[in-house]
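Pasting a structure here, questions to come.
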Amino acid sequence: MGEKVLMKGNEAFAEAVIRGGCRFYFGYPITPQSEIPEFMSRELPKRGGKFLQAESELGAVNMAYGCGAAGGRGFISSSSPGIALMQEGMSFLCGAEVPVTILNVSRGGPGIGSIQPGQADYNQVTRGGGNGDYKIPVFAPASIQEAVDILYEAPEIADKFRNPVMVLADGLMGQMMEPVLLPEPKPEITSADIPKVKPWAISGSEKGERSVVKSLRLQPEVLEAHVSHLFEKYAVMEKELERVECEGLEDAEVVFVAFGTMARLAREAMELLEADGIKAGLIRPISLWPYPYSAFEKLSGKTKVVVSVELSMGQMMQDIKLGVLGRCPVKLICRTGGMLPTSLEVVEKTKKILEEVR
Amino acid sequence: MATNKLFFAGSGGQGVLTMGQMITYAAMYADMNATWLPSYGPEMRGGTANCTVVISPDKPVSCPLIYEADNVVVMNLPSLTKFESLVKPGGNLFVNSSLIEQKASRDDINVYYVPANDIAIELGNPRTANTVMLGALLTVAPVVPEEKIYKIMEKTFSGRKAHLLDINKTALHAWKPE
Amino acid sequence: MKPVFTVTKGMLPVSTSYCPGCTHGVAHRLIMETLDEMGLLGKALGVAPIGCSVVAHQFMNVDMCEAAHGRAPAVASGIRRVHPDKVVFTYQGDGDLASIGMGEIVHAAARGEKFSTFFINNGIYGMTGGQMAPTTLIGQRSTTSVDGRTREQAGMPLKISELLATLDGPAYIERVALDSPAHIRAAKKAIRKAFEVQLAGLGFSFVEILSTCPTNWGLTPPKAMEWLRENMIAYYPLGVYKDAEVK
């Protein structure tokens, strides 16, 4: 185990992906994640990797597609509007079953919006964005350590399922510094290993079988069979990749649901409420897809209301309601546009909500 | 020891982000949990550079965002105007009196007037004003062990910057409470 | 008896799905024959575009992947980073390369990416049914310019070889045509040169191949060849636009 280091979120994320075995980075500058391409341009050449600044986010995602199709472990990062541009590529990545690790350091929208932190990309990242029937696992860590651990694991998850994997961090996490324990670097997959490790990848037909990486299936019955195959895979992913942290659900009168930085804020609000004699609990989805619906089965009869705390106009409410299934009302405490609530604000609003539902 | 929330504000170039980082590093070296968050969010408006540090000795930091602070450092007048209200009752406010003539308006907090720039000039390096202020803060509120501040100073002021180590160590003790 | 002709191993033993008289088949075969003759079939990695030749991987007997519309040069750039010792090429039509994918091709060329691009210019969107392409000639009819393209309405056709030749990145650029046996032989030479330039590590190589689309032009295959010769070559002169010496 290494020593704890203090790192800016964005740089820690980049380091974690390199240690997780990625050797190829493709990116385009966008706030608040530009430290990532900067870090990669410095570090990758020193560590046997390659950095390429793309002409656009479209370029970046398609370079990563080529890299992944050729058997390389590629990494791309961007922020909300850039992710929107990349989503054409994400659909192709899923259709052609090409693994790539994606990091979204999200900001405010719609449109160019602001560079301040936001969570208004919830629907964008969990509901597709690209065309067609596809799914991408999305993890939303709440601390830099958790982000590092997930990003370290992400290239392997992507390879295992031959699917892109996304980590969603808000802009605040990208700029924050927090002590972090960096994991030991994993060995890289060299181009010589690819024919053995990834025989499906295009590495030259001299390896034996000819490889074709594609999403085109013009015959309806062939495409249907392919999509069915994808969904069998997604069913396994749903079982294996669901991650959630629950706290204090057994006797909570109010249960917060929050992810990322907002989960930390909700946690502090729990402590403040407890000091005022109100029991609060927390469901913190770590995977946004697959969404941890089953966690809501642990809600106790004492819970009078479930409150979503988010930096969007309630985009996660739909999933929460699917989890709560009418057991109790679901309310929203939110700020948007880059504005951040304080834990005190959450406490005050929670007390008002409790007055309504009691 | 309970969670300690600190806030540093000033204008760009006054070393406010560095002050926060030094404390965060020291906290990490002392095996405490800590977060450092630079100007991000609504506080950014107002033309100031600022950062928030939360130190939690025995459990993970719940939230890197704060609504009140145990210790607030203001290095220029706009910061005093804007962030005096952030100090929690009974908390400490450190005012850089070299650049801020105005007095704090609250009487439910402890206010320390530190002529950080004047002291730094006397020491022979005006750029150590932030270290003088950091020293004042740690003298009043020893939130991290002093030897851990030395440790990060030794790492920061090494190589080409090694000649700055001694003066910064001196600056750390240059202010004495009245 | 000694065979005087054999089918290249570079093409899979299947019929192509291209229309009668379409020159995609010729272009495919020239590229694959060249790779075969150079002993590179086992090392070649191809990128198919969106357009009629989206199915190129069903005919070209090498490792291939598809790219989203226009993105083949970005995809090839990614492949190249993983396999520096392989031969990488893109095969793209005029809608794919000269319209939606203009950003990707210009930047790949400017970076001097070490792959080869074969650009099939037939002045029309074939797969979608004959719409105007960025390379459709003034006066040429299409389903989105039924009275013929006009400068006022749609601007001027793009001369891609000339445009890319203004960049310092590319090492070799040549425009060829598939309208006659002599031109086809010249095209094959250009294709070989493009791969040689790539193998020598000289940088980006690009061959623009003037091609026919009898179906969407509404002409018989022989008439289409004539039309290419008389109209396209007049606007898109054949020749080398950027040369590199391969030692």
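Each chain carries a letter (A, B and C) given by its place in the written order, and its residues are counted from 1.
In this text, a residue touches a chain if its C-beta (ideal position, glycine included) is under 8 Å from a C-beta of that chain, and two chains touch if they have at least 3 such contacts.
Given the structure is predicted, the values throughout are model-derived calculations rather than measurements.
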Legend entry - Steps in the shortest chain-to-chain touch route ending at chain C and beginning at chain B: 2
Legend entry - Between A-C and A-B, the pair joined by more C-beta contacts: A-C
Legend entry - Approximate Å spacing (C-alpha centroids) for the pair chain B, chain C: 64
Inset, instruction - Give, as an integer number of Å, the spacing between the C-alpha centres of chain B and chain A. - result: 34
Inset, instruction - Determine the centre-to-centre distance between chain A and chain C, using the mean Cα coordinates as centres, and give it in whole Å. - result: 39
Inset, instruction - Write out the stretch or stretches of chain C touching chain A in their complex. - result: 41-45, 47-48, 54-55, 57, 61-68, 71, 74-86, 103-104, 106-107
Inset, instruction - Give every residue of chain A touching chain B within the complex, in rising order. - result: 4, 6, 116-117, 143, 171-172, 175-179, 261, 264-265, 267-268, 271, 338-340, 342-345
Inset, instruction - Spell out the residues on chain B that touch chain A in their complex, using ranges where they run on. - result: 21, 24-25, 27-28, 33-38, 40-42, 44, 60-68
Inset, instruction - Give every residue of chain A touching chain C within the complex, in rising order. - result: 24, 26, 50, 52, 54-56, 58-60, 62-72, 74, 88-89, 92, 96, 191, 194, 202-206, 210-216, 218
